[in-house]
Every structure is written in structure tokens, then in C-alpha cells.
Amino acid sequence: MTVPTHLPYGGVASFARAPLVQPDGDWHSDVGVLGVPFDIALGFRPGARFAPRALREASLRYVPPFTGLDGETRLGGVTFTDAGDVVLPSLEPELARDRTTGAARQVRGRCRVPVFLGGDHSVTFPLLRAYDDVPDLHVVQLDAHLDFTDTRNDTRYSNSSPFRRAVEALPNLVHITTVGLRGLRFDPEAVAAARARGHTLIPVEDVAADLAGALARLPSGKNVYLSVDADALDPAVLPGTSSPEPDGLTYGQALRLLAETARRNTVVGLDLVELAPNLDPSGRSELIGARLIMETLCEVFDARR
Amino acid sequence: MTVPTHLPYGGVASFARAPLVQPDGDWHSDVGVLGVPFDIALGFRPGARFAPRALREASLRYVPPFTGLDGETRLGGVTFTDAGDVVLPSLEPELARDRTTGAARQVRGRCRVPVFLGGDHSVTFPLLRAYDDVPDLHVVQLDAHLDFTDTRNDTRYSNSSPFRRAVEALPNLVHITTVGLRGLRFDPEAVAAARARGHTLIPVEDVAADLAGALARLPSGKNVYLSVDADALDPAVLPGTSSPEPDGLTYGQALRLLAETARRNTVVGLDLVELAPNLDPSGRSELIGARLIMETLCEVFDARR
Amino acid sequence: MTVPTHLPYGGVASFARAPLVQPDGDWHSDVGVLGVPFDIALGFRPGARFAPRALREASLRYVPPFTGLDGETRLGGVTFTDAGDVVLPSLEPELARDRTTGAARQVRGRCRVPVFLGGDHSVTFPLLRAYDDVPDLHVVQLDAHLDFTDTRNDTRYSNSSPFRRAVEALPNLVHITTVGLRGLRFDPEAVAAARARGHTLIPVEDVAADLAGALARLPSGKNVYLSVDADALDPAVLPGTSSPEPDGLTYGQALRLLAETARRNTVVGLDLVELAPNLDPSGRSELIGARLIMETLCEVFDARR
Amino acid sequence: MTVPTHLPYGGVASFARAPLVQPDGDWHSDVGVLGVPFDIALGFRPGARFAPRALREASLRYVPPFTGLDGETRLGGVTFTDAGDVVLPSLEPELARDRTTGAARQVRGRCRVPVFLGGDHSVTFPLLRAYDDVPDLHVVQLDAHLDFTDTRNDTRYSNSSPFRRAVEALPNLVHITTVGLRGLRFDPEAVAAARARGHTLIPVEDVAADLAGALARLPSGKNVYLSVDADALDPAVLPGTSSPEPDGLTYGQALRLLAETARRNTVVGLDLVELAPNLDPSGRSELIGARLIMETLCEVFDARR
Amino acid sequence: MTVPTHLPYGGVASFARAPLVQPDGDWHSDVGVLGVPFDIALGFRPGARFAPRALREASLRYVPPFTGLDGETRLGGVTFTDAGDVVLPSLEPELARDRTTGAARQVRGRCRVPVFLGGDHSVTFPLLRAYDDVPDLHVVQLDAHLDFTDTRNDTRYSNSSPFRRAVEALPNLVHITTVGLRGLRFDPEAVAAARARGHTLIPVEDVAADLAGALARLPSGKNVYLSVDADALDPAVLPGTSSPEPDGLTYGQALRLLAETARRNTVVGLDLVELAPNLDPSGRSELIGARLIMETLCEVFDARR
Amino acid sequence: MTVPTHLPYGGVASFARAPLVQPDGDWHSDVGVLGVPFDIALGFRPGARFAPRALREASLRYVPPFTGLDGETRLGGVTFTDAGDVVLPSLEPELARDRTTGAARQVRGRCRVPVFLGGDHSVTFPLLRAYDDVPDLHVVQLDAHLDFTDTRNDTRYSNSSPFRRAVEALPNLVHITTVGLRGLRFDPEAVAAARARGHTLIPVEDVAADLAGALARLPSGKNVYLSVDADALDPAVLPGTSSPEPDGLTYGQALRLLAETARRNTVVGLDLVELAPNLDPSGRSELIGARLIMETLCEVFDARR
């Protein structure tokens, strides 16, 4: 007898219909999902606070396991758990960061691959703090912007600074590869600081001109945290983001970059940030975001087999 | 120590943050919530399939207990459980009705007051079938339309017919009071059939002209199932509905009608139907729908004290 | 055998499913509908050009005849014809006015009650020119604004001036009653000119304070052209209009004013203008506009029985 | 003298301003258009019921004949007729299918190339039934999904199954070519069944990698029914569709596939399905859908000269 | 010669086309406008950061002086200056508050009546700090919520607490009158604290039942700061606000309350907060907000004549 | 000390935070900006009247100078001034054209590179009239459409005709290069007239197939006026435009075409037209439009160094 299943709009939406738990509960799974609905660190159009719920709803179109056109099964037997959202205070950013780090540590301790649903990009700093014990930690960041600025509009914790704060706080965070960079304006101090640390900066035009070359510059054999800013993608593909920049990555390019990273390294965590569902009435932004997460997980677990 | 709580946009949204269960699980509570995301029986603008999830999200602004300006506490100690949504087949209406009746029976057996989140108004027929054992069952229906039509556009199960089918199927359903009727066109056969059965039909202008008189015509001392069609309310108040009609009930009038019914009768169940969140980008339709449910529950449990 | 009928979203939308004709074709009917999709004379938010089509679609929820809750039938046997839209040149306002007058004359000659679907309010001037042969012509205008301004922003033909131009061009247009006036700013010259001609100006607060008194000031025993500006209604009721003003007429007040006018006079034509469907994603503006037209026609033809 | 013509927003919208007829009327033309506003068989976001009217409105920007930049004229002398929409019952799917097949047969009998405006993809099954007399019938389907599933969510007639039902019902339907396939999940039983019948399955990456190779795999010298699912196109190009999948066909690729099919075969009918105008406030989805239909017709009639 | 003027959509939008200055510049006028685009202290739906610009654009429909239907001129000779927005840091709430107080002081020093455009309601605290020298300061607050909560979700500076912080910081702030209170839930500690201070709390039902009685409870002969929360108004009237509550004030009631306050007291400042233009695609929220400001200024300056 | 700066949503929006002046004021700068909010000459969907203000707001994300990833600074020291919008009469097209030409002349006389913000494409004719004294004037037009039609829908001044009127009025306008042409329908008379004058017509497929070849066909060593129609870009990139056509220019292609023109010629002015912000709720259309203007200016001033 077949157990009937919900259509995507039916049922309370946990991520991929995973069981709902508390971050500090008694659970273990392959994938653990944690939402961080925090968007008061961005400087333009808000809405990323709505992304965790929107991504959960969208994930219901992509509940594993998956069988491809070629008959191959992916994510078979991989278990998912949804640890809900970090309970965030309003207007107390430092407390919010501490709670985020705490919950992320709890999730990390209970699953093989945490998936974090932002929020704006500032959340990646407290998320990375939960990885302060990972030796030789690398970050692969898909992003239009460098997000390595020291201070912007009088704050050190905006969505322009997560990686700057992270390298300050985590001596083990040895290297960052940023792919998809573009736009008219860069913060020269941030670029210089990233270059001084030896970071790898790959503009989007390098990806478009020579994808294989860009893939070759990704790390290999490392512990990698993947951080995907929704604005890495072209806004025609994913319009729901605070600060879109034209001529971004195609979906296929983003997936190739994530897949290659997954194949060559050990992915220790993944976030998707800066997705603002309220800015895209077509609803495709969260659908594409959810699918990108799921396909990345396919690659991560394919690589682990 | 205070346990921190989510802001309304945080966390997976069960109704009023109630525990999530299966309809046939091992649970008991005062209020049990069941969604019925079915909207293929309406003949105009779809979207009521999205209402259960939207009402759950909106309910997070109204998590009991409540303290009024006068210091009185309401819904204190009243327990809530969320049984999720009926698992619905697509395009198999009869099977959908059977599953709806089955899940409603399960919820009824486990709580004192079931709250059903539609869906279009056709779902009230299978929901009422779960009440076939209630002696002397009355319905109080807030609605712009009579919904007592025998056949419309070649079907007997559209959202114009739930109460016609219900009185045919349930000999114990002895009376229906419909409040809020208005519009240019009525089905004469339906009006005659309702009148032949002695139903109470209260047009919206009677409510506007003499609210006390309208309240006096509500049943008293009965087992009452409340069925609230979103289009009973004025579309200025609640625009998100398939078939809006101007000059509807104000929020206050609707609440007074529901409160009076609750005070004078035993409410055995409650549904809110025809709310289409996709038709109201301001998002107030689901907020007002959720608050109307919650205030009605206040009245029901105030009356039971 | 019952002939199956379309649901409102089915079929090509003529007004109330009336036969489609050319204005100068060989047809005769009780009601003749003509669209005037012209909105370049307004000074704020465009979109009234989309109203004729939107009103036709919305009218499909209100296809006569109608039976009320009391069993009375309305518009039974009344025939409708849809003469399509005036073919308008872009950016040649004078030619547009001439074509509008021409088509309106053709429609007038073929039906008892023409219904004109604007367009911004400037179209009422060329429409009224088609009534230059009606003795003792009166206008009843529902409107937030007086629209009797001589010149605005360097033009004499904007949507602020239709009635000024009309009284200049039509010696037979002896009187205008304007109901629903409100707002911070009036053109003193226009008010003085209207008063000098003896026009009746009824502010919305007079309607709210004393509806009967307002009704008593309407003309009686005259040939009346009804001109309904969508902004006469409260924007909570009908948000889709270029220049909304708060505290407008309720739907019920507007209908009472139109009904009383119809009962006491001979309605020679009717327009609904300034409805901008693009400004109301809930879609209720055109539904309410179409229903107001249809209920007004009920009153007109009830009065003629 | 030039006859004045409407701007696209003017006039009642029949397809390409063609005369309006009944499907069973006395008419004959090169192209016959029939709408099928049925969308209750899909399992995600509704709205395709609004597509026939939206495509008619959009078609008014593309009224033939056309002259290209090179001076060549297309669709000159080709006649169009619009047979309106199938009159659909609500919630009686079998009756809806029968009426659709009936109306499609009537249209087929009166024109050289029927154009069907969906509706969700389930309508292609009853449409194809009107072709049960065409020897050696082939289908070329542009689609992200295979739509060859036997049963989904307890129904055999959803928008995932039209071609499965069609090959069961029509022995003359000998082959299907599906182009644009992509996504995480395929139904293994459906893929196996399609392959067992020798269907041609062309994933979107094959089109991107080698368009000429993909074109070479299209049928040749056959009677071909073209079925275009809006989600075959990339959602950046056409966002208004129920179930978008990233990395779809470009407009140019889709047109090349349709053109090549038209050049090498006899096109016996064409449908465009799964377009949901309500999901794209920019309005470009229906504009692009209408233009794709019209350009395909250019190719069909070019090929017939 | 008439100087041509812009239509409302033309020209860069300063408030009521007033000259643009710096808060600390060399200017003096009757009215001085200052925007505070700060919305990170609210706990639900963001967007009030967009209100200052939206209100400026909307104000262009209401550029004084005004002539009423009765020929009376208002705001004649009253001068306006627009001091732009406070330059706000992102994510540094304390610094934001300090800058807000500083700019407000500068504006206060240069005009008779400052008008502040929020922002969420938290900005009223730093705005009121600029009035720490006003003897016997009263506040009249139009609001659905009390906003006198000590701590919410771990912060003392959210949009629920501005008046609590203000009375702590300003010994001269002796009394607050809050009108429009409604909703299911009040913070008992906040209500008790307000009552202990002798504040006047007027629920919306008191206004609806007895407007004259409510007006009589307003202060008289005081220095009054007016604080208008957009959610004081009914959401049917003004849907664009973060936390709408049904059955709110009508526009007319709000205006009467503001007018009576202005007539009987000396208005020392005015703010309009919690208006979220992004939540109202009809655009009427900012139009109504701007008009409410302007009509309140009419009353203030009428009272000063 | 760092002077604090506004976030993009803060402050009154002049273009790139430039000082606001009158067109005929006493000012001089490198770049002078003038808005022309005129959109009544288009024949489809209005909204370009809102573009000047939307582009100013969007420009606040792109305030020069810019530092690239390579450390190079652009637009350093280049001064900007914003001359506001032309004061336009409503419904008096000829007067609107005269005022546009007048203001454009004033701006031209006060800056090195005027930037004009449309408005529909009809405004380019009166703008070009301000260049009647430039010897050997060339135009480079990015556009899906030729806009060289003599008469359309009974007018000679629609947005289909600006360049036809311009070549008639300006003997010095010797050549036009139009890039991005596509679509089903061209006006044969317009194509023939353009070809007879030796204009360069480059269809979009030529750009896609051979960008270098297309670049080679651009003028060299001339005085060039750049006119960018928003529909030149692919509607997936920029959906907010009246008449979108699929398969348009990518952002990168458009920029390369503009950059190459700037490098090889003297750019005497630049307009961006047909951008309709109301048709793109994602808001990316104006962001991309503003960035395209700013990057073009980078190229223009790089070329002048």
C-alpha cells in the first residue's frame, strides 16, 4: 500500500518534510537544517527574514530521494532533520549573533552536514564561529560582493563584513575563495586585505570566459564551508534579493562551482543567504534557492559515497 | 528565567505554535486544528489552497493566552494541537471528500473544538459529515452567498452546494442560519429549498440596520457548527477571497455574530473558508482571518467556563 | 436541456456576454456598451485605458437576469449589446474626442441606455457631445472632484475639465449635480463658475450626515446623464483609481444615489470612468465597478417598467 | 483610405483580432483558435485557467501579416478564426475532458491548423483524442517534465499524465519526442515506459550543448502535433508558470525547435499550456507565449507554401 | 504670467515642493520636515524605511495653500522647509538614536512645527528627546498599540517601547493620551505602568461609540507632541503597515482627534510612523498618510491664527 | 573625520546625490541630468513617466567615484548636477516637446555630457532638437524597434517616430546606427527610408553571433548622441518596459556596445527611455538602468582622459 503524500502546498512546511526538532534536542541525521531569519544588517531592501520559511515551502517540490533521467538515485538513505529557526531578539544584534552561534554549534554536533537558511549575509559570521575547531577551514563563497569590508556606515557587523569578522575571530579560517564578483564599486581596503591574506577572488567574467579555469582555482582536499549569496546568481534567474547586480552566474554555473567544490573537498556546512522572497512575486526565487541547496547536497553526498 | 520566543516571522509555523501531530495520533487537547487545502471546486479565482499555511503563519501574531486592556485573561490554560493538513489527491474530488471526512472525524475525537482551515467552501460538506452523530445539529454560516444550490455548472459538489449536500447526507442537521447574504443574484430553487426547510436567512442589510435584531435570530441552546466564508466580510476589510461582494459585514459585526452564537450554544466545530492569500498582497486577509478564529475561540471558551 | 454556460473566467469577454457589434452596425437593444480606453488626460497615475476590458471581464459575474433573495427578477428580458471600444489614435487628443463623440452618437441611436466604459474623466466631454439634442439635459456626477476647471497644467481638456467644456459646447446641458465632493483643495474659479450656473454641489459629509437630504437634492423628472467617477467611492472599497481621496462614498450610498436618480428621472446614458485595474492587484475594483453598473441598470429598467 | 486600427489595449480581445465563432459554427479558416481554461489537474500553483484570455490580449501585439527587416512578408493571406473557449464544468473532470475533445474535433474539422490555448497540461490528452484518425501521429513536446506518469497523487488524469493516457487511447499515436527535460526528479516507471515505446527524450543540456544535434533528432515527414509547456522555457524568460525549473530553453532555442519541426513535417495542431499569467506581474509571460505561437505559425505556413 | 508647475509625478520630491536644506543649515520656516528611515526595531514586516521618500512623493498631490469648497484658504503664507533624512548607521541602534535626537533638535530650533516622517515607532523615543526642555509636555498618540512595554524579545528599544523609554528619559513628559487602542493582547505590565502614571487610554470602541466623549478626554491648553502610528487607522483605509489590526479609526475620526488636539493645545511637533509603502501596491497608504499630515497642519495653523 | 553618508534608501533622491538646480540656473558640471517624465506617446502599457524618479533612487547605489577589483578609479573628480525634470503640461504634446527642447538646450549649455531620463521614446525627438548646432551629428540607438515610422495610429509624434521627426528637423543629423533590432513586424516604409538614408541597422542576432563584428560597424570619430531604449535589453534582464521583446541584448552586450561607441567617438548626450518601473515589482529594472547609465559615463570619461 502506498502512503499518500502531500502536494507541495499541503501540510506544515518543514525542510523537505523532515522531522522538526529543537537544535539542542536528542537527534542525529545526515543533514540538519537551521533557519536564521535575521535581516537588519543589510543596507538596502529588507526581506531576507522571510527566507527560511519560504525556502522550506519551496523545498517541498524537491523532497529526496531523486531519480534522474538516467535512472541513477541520489540522496537515497540520506536523513534530514529540521531544527527550526534560531530564536532571535529584535534589535539586539550581539545577542542575535551569540544565539546564532550557539544554535549552529548544536546543529553541527548532531548532523554530518548543516544547512543554514539566512537571513542576510551578516549571519555567516556567527555561523562560522560554530566552526572554530575545524582545522584548516576553507570557505567557498558565491557572491557578487566581497563582503570583506571592515566598517560600513558606522558598523562592523553589517552584511558587508561577515568574512572580515570571521577571519579575525577564527584563526583556523585560513582561506576564502570568492566567485562571482562583479559590480562597479569595490572597497579597496577590503580587496587589499583579502589579497594580503591570499584569498582567491574570481570575477564573474572569468567564470563566463573559462569555467574550467575557474573550477581549477577552487580548493581541493580541504574542509570547506559553502556560503551562497543569492545575488551571486543573475537577477534574471533569481530576482528576489536585496542588492541585485546584472550579469551574474547562471544556475548551471553556480551548480558546477558548488559540485566541483563538493567533489574535491569535505563540505562541513552550507548556507544560502540574502534571498528576499518579498521582492519576487513570481515565487521562483525560493524555488530556485531550494533546488540549488538540494542539488548541492546531492553532490556532497555523492562525493561521500 | 524567561524562555525566549520567536517573533511572528520566526520558526516553522504551526497554528499558534501548537504541537504538530497526525490526525490519527495519540493526542488530546481543547482545540485541534486541521487544514483542508482544497480549492478546485470554486468557479472563479483559485488560491484557497494556500490558506491553511497562510493562516498558520498569521496566527503567530495571536498566540494565546491573551490579556485585554482591562486585565482579563482569555484562553488561559486552553490547549492547542495542530493536526496538519488532510492529504489530498489532485483531481479526485470524491476521494478528497472521503479523506477530509476521515481526518475530521479523527480530529473531532481528540479535541473539544476542532478548527478547520479551508479550502473553498465545498470542504464544509465533507467536514460536516464528520458530525453525523451530533443530535440536533445546527449550522451558523457567515456568508455572502447561500451555498445551497443543487447543481452549478454541471456539478453537485461545487463551492455553491456544500450545505445542500450536507442536509441530504445528515438527517441530524436540522437547521442552518445564514448571515451576511447579499448580491444581485440568488438561485431561486436554492432559496426556496432553504426556506422550505425553515432555514434562517439574514441579509447583510438586516445586520447593518439592526444588529441586535439579527443577533436575536441566532439559535440558542444548540450544538452549533460555525462556518465562516471569508466573503461574508466586506472586501475592504478582507480583500483576499475568490468572489468578493461589496457592502459586507464589518469585522466587528462578524465577531459579534460569532460571539453571540458561542455564548448561547455549544460550538462543536468551526471552519474558515474561501480565504485566498494570493489575492491580497497587503497580507492583511490572513491576519484578519487568523484573528477572527482566535477571537471566536475566546468566546467559545469564555462561554464554557 | 440546459445550455451549459461559461464560468466567469471562460470565454471571450464581452460585457455580460452580450453580442459584439460595431457601433455603426445594424443592431438595436435596450443597453448598448461602448468602451473608451483613453487615459492620457489624467495628471497622476495612468491605467484607466485598461478599464473597459477589465470591466467586461468582471461583468461576467453579473450576467442578467437576476433573481433577488425575495424572488423578484430584474433585468429580465432586457437586451444587451457590446459595441466594443472606440478606435483611438495615440497622442491626437482632438481626433480622439471626435471619434468618441461619433461612436457615442452611433450607440445612442441604437439603444435605449448607452453604458460607456472609460477611460479617464476627460472622455465624458466628448461623450456628452453626443447628447447635444436632448432637451433640458441634466448630469448627475458622482465624484470626489468637481472636474469643472477651466485650465490645468496648460490644457483645457484634462480630466479636470470635462464638464466645463461640456457646458460651453452644449447649451442644452442646463444643470449638473455633483455628489461626493471632498478633499483639501478646490479650484475657486471652478467652484464659482459652477455656483454661478446654479449647479448643485453635495460634499460627501452631507451624504454621510443625511443621506435622505442628499437624495432630496437630486433632480427629478429630467433627462439625466449619469457620470460615475471611480474615486467617488471610498478607496477602501475601490482602490483602483488614479487619485484616491479618503472618506468617500460607501458602495451602498453610491447605489442609493444612482437608484434615486434613476427612479425619478429618465436616464439617457451612463459612464464609469477613472477606474485603473492596474492599481488594485486584489481585482475587486473592476468587480465592484461592474456590479455598480449592473445594479444601476436594474434601477433604470425597474423605473421604466 | 486607411481603416483605423486599435492599439493593443483597445477592443474586445479575440486572438489576433480574428472573427469570433462557435466551435460548431459555419466557418472555415487556415488557423482556428480554441481556449481550454482548465487548471484543476495541476498539483502546485493554479492560474492556467486565466491563460486563454491573457494570450488573446497579448496576441494583439502580433496581428499578422508580418514584414521582417528583410522585407519578407509572413502569414500574408492566412486566415484566422477564434472559436472561443470550451465551456467547462467545474469539478467534473471527465465531463470536461469530453467537452474538450468534442470542441477540438469541431475546430479541427473547420481549419487547417488548430491552435489550443491551455489550461494545464492535462488538457493535451482530451485534445489529442480529437486526432484519433490521423495516421502515424507524432507528438513533439517542449517541456521540462516528461508528463508520462501513470498515476500521481491518486489520480491518472493529472497534468503529469496526459501523454500516458494519450498513447493508451490512441493506437495511431506512434511516437513522442520530448525536448527540454530537466530537473532533479524523474518518475522511473514513466521514463522506462517512454523508452520502451521508443520515444525520443532530449534533455535541455543536449540542446544547449549541441542545438544542431538536437534538431536532427526531431521527426521528419510526419503528421506532428506540437505541445508546448510554458515551463520548457527558462523561467527568467517566462516566469508565469506553475512549476518553473531553472536552466530551461531560451526563446531562440524553443523557436528553432518548433521551426525545424514545422519545416520537416505536417503540423496538425499546436497547444500552449501551463502558462499562469497571475504569477508574472510584469506581463511578459503571455506576451512571449503569444509571440511564440505566432512565430510557430509563421514557420508552419512558410513550410506549406 | 503663470509659472508652470509640475504634475505630482514630476520633479524631485521634497515634501510639498519645499526647499531642501540640511538640518543644521541656515534656514527658518513655519514647518520643518525631517525623515527618519529607520525600521529595524519592529518585530514583524519591514518597510517603514521607505516611508519618508514615499510620503514626500505623495505630498505632491497636497501642496498648500488650499482653498476649500467654501472658498476658505488654509496654510496660506505658511512656509515649509524639507531638512531631508537623518543619516542613519546600519545596525548601530544607539548611534541611530543619537543622530535622530541631534537632527530633531536642529530642526526644532529652526521652525515652529517640526514634522517627522518615520520609520517605525521606535523613532519617537529619540525624537521626543529633542523636546526635553519643553515644560509640561504632553503626548497625544494615535495607535492600535500602547507601545509602553518595558522589554520585548530581549530589547528595551523596540517599536513596542518608545514611550516607556521617553517617560524614563524626560521628566517633563508628564502625560500621554493614547487613542485607538484595540487588539487581543496587551502587555499587562505596560498597561499598569501607564495607568499608574495617569495616562489616558482610549480604546477604539470608545471613539466609535462616542466621538464627542473621546474628544473631550483629549488634553487642553498644553504643549502637545502628536505621534500618529499608521496602524491607528483601519487597515481597509491604510493597508500599508507592519502590524495591522481590524476595526481601526476611520480617516475622519483620526482627523477629528488630531484637529481637536490642535485647536485646544500648542502642537510642538508631529510624527507619522509605521507606514510601510511596500505592503500596499495600490499606493493609497502614503497618499492618505501625506494628506493626514497636511490636514493636521491646516488645523495647527488655523488654531494659531 | 568621515562624513557619514546615507544608505541608498535614505535622503531625498537626486541623481547620484548631485546638487539640485534649475535647468536655466547658474551651474556648470561635467554631467548634467534632466528628467522627462512624459509617456503619453506610447501605444501599449504606460509607466515611463515614473522612470526619472525611480532612476534617481536607484542611482544611489551607484554614487561615484568607483574603484574596481583591480584598484582602478573611475569617474574620480567628475562632477554631477541634477537639473530636475522638465515641467510638462498634460495633454498638450506640442508644448511638451517645446519645453523639453528648451530645457535640454539649457542643460547642454551648462555641462559636458547631458544625461536625459525618459519618458517614452518620443522624447528623443525634442531632445535631439537641442543638438541642431552639432556638426555631423550621429546617433547610436540601442533598441528592439526601429522607431523610424512616419505615422502610427494617426499620429506623427508617437514613440515609433522620434528619429523620423529628428532627421526631418535636423539637417546636421547625418546618420543613425540602430542595434538590437528584432521582432516579428517591421514597418517596411520605415526600413526603406532608413536604408535610403544609409542608416546602419544591426539585428540582435548579429550581435549574438558576432559581437566584434557588430562593434566594428559602430561609428568612429563622430559626435554621437546615445539613445538607449530599455527594450533593447532582454526582458529577463530588464522586465520593466512597455513593449518587451524576447531574445534581447544581455547587459554585457549593451555595455560593450555603449563602451565601444564612447571610446571611438565624442558622446554629446545620452538618454535612457521606455523604462516602466511599475511593470517590475522586483525593482531590478531601474537598478539595472541606473547602473547602465553610470557605467556608460565611466566609459565616456575614461575615453576623455
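A few points about this structure:
All chains are identified by letter, namely A, B, C, D, E and F, in their written order; residue positions are counted from 1 within each chain.
Convention: a residue touches a chain if its C-beta (ideal position, glycine included) is under 8 Å from a C-beta of that chain, and two chains touch if they have at least 3 such contacts.
In UniProt terms the chains read A, B, C, D, E, F = Agmatinase.
It should be emphasised that the depicted structure is a prediction, and the values quoted were computed from it without experimental measurement.
Fewest steps needed to get from chain A to chain C, stepping only to touching chains, is 2. Looking at chain B and chain C, the chains that touch each of them are D, E.
In terms of residue-numbered contacts, B-D and C-F present the same interface, as over half of their contact pairs agree; the other options in C-F, B-C or A-F do not. When the CA atoms of chain A are superposed on chain F, the rotation angle comes to 120 degrees, reported as a multiple of 5.
In a homomeric contact, the two copies may use the same or different surfaces; for chain D and chain F, under half of the interface residue numbers are shared, pointing to different surfaces.
For this pair, chain C with chain D, the centres built from the Cα atoms lie 40 Å apart.
We define each chain's centre as the mean of its Cα atoms; on that basis chain B and chain E are separated by 38 Å. Look at where the CA atoms of chain B average out and do the same for chain F: the two points lie 55 Å apart.
Within chain E, the positions touching two or more other chains are listed as 4-5, 7, 9, 43, 49, 88-90, 153-154, 236, 281. According to the touch criterion at the top of this document, the contacting chain pairs are A-B, A-D, A-E, A-F, B-C, B-D, B-E, C-D, C-E, C-F, D-F, E-F. The residues of chain C lying in touch with chain F in their complex are 39-43, 46-47, 49, 88-93, 95, 122, 152-155, 157-158, 278.
Contacts from chain E toward chain B in the complex involve residues 43-45, 153-154, 181, 184-188, 191, 201, 203, 235-236, 239-240, 243-247, 279-281. Taken together, the chain D residues at the contact with chain F in this complex read 4-5, 7-9, 61-62, 66-69, 71, 74, 234, 236-237, 250-252, 281-284, 287-288, 291, 294-295, 298. Considering their complex, residues 4-7, 9-14, 20, 35, 37, 49-50, 52-53, 56-57, 82, 84-90, 99, 281 of chain F touch chain E.
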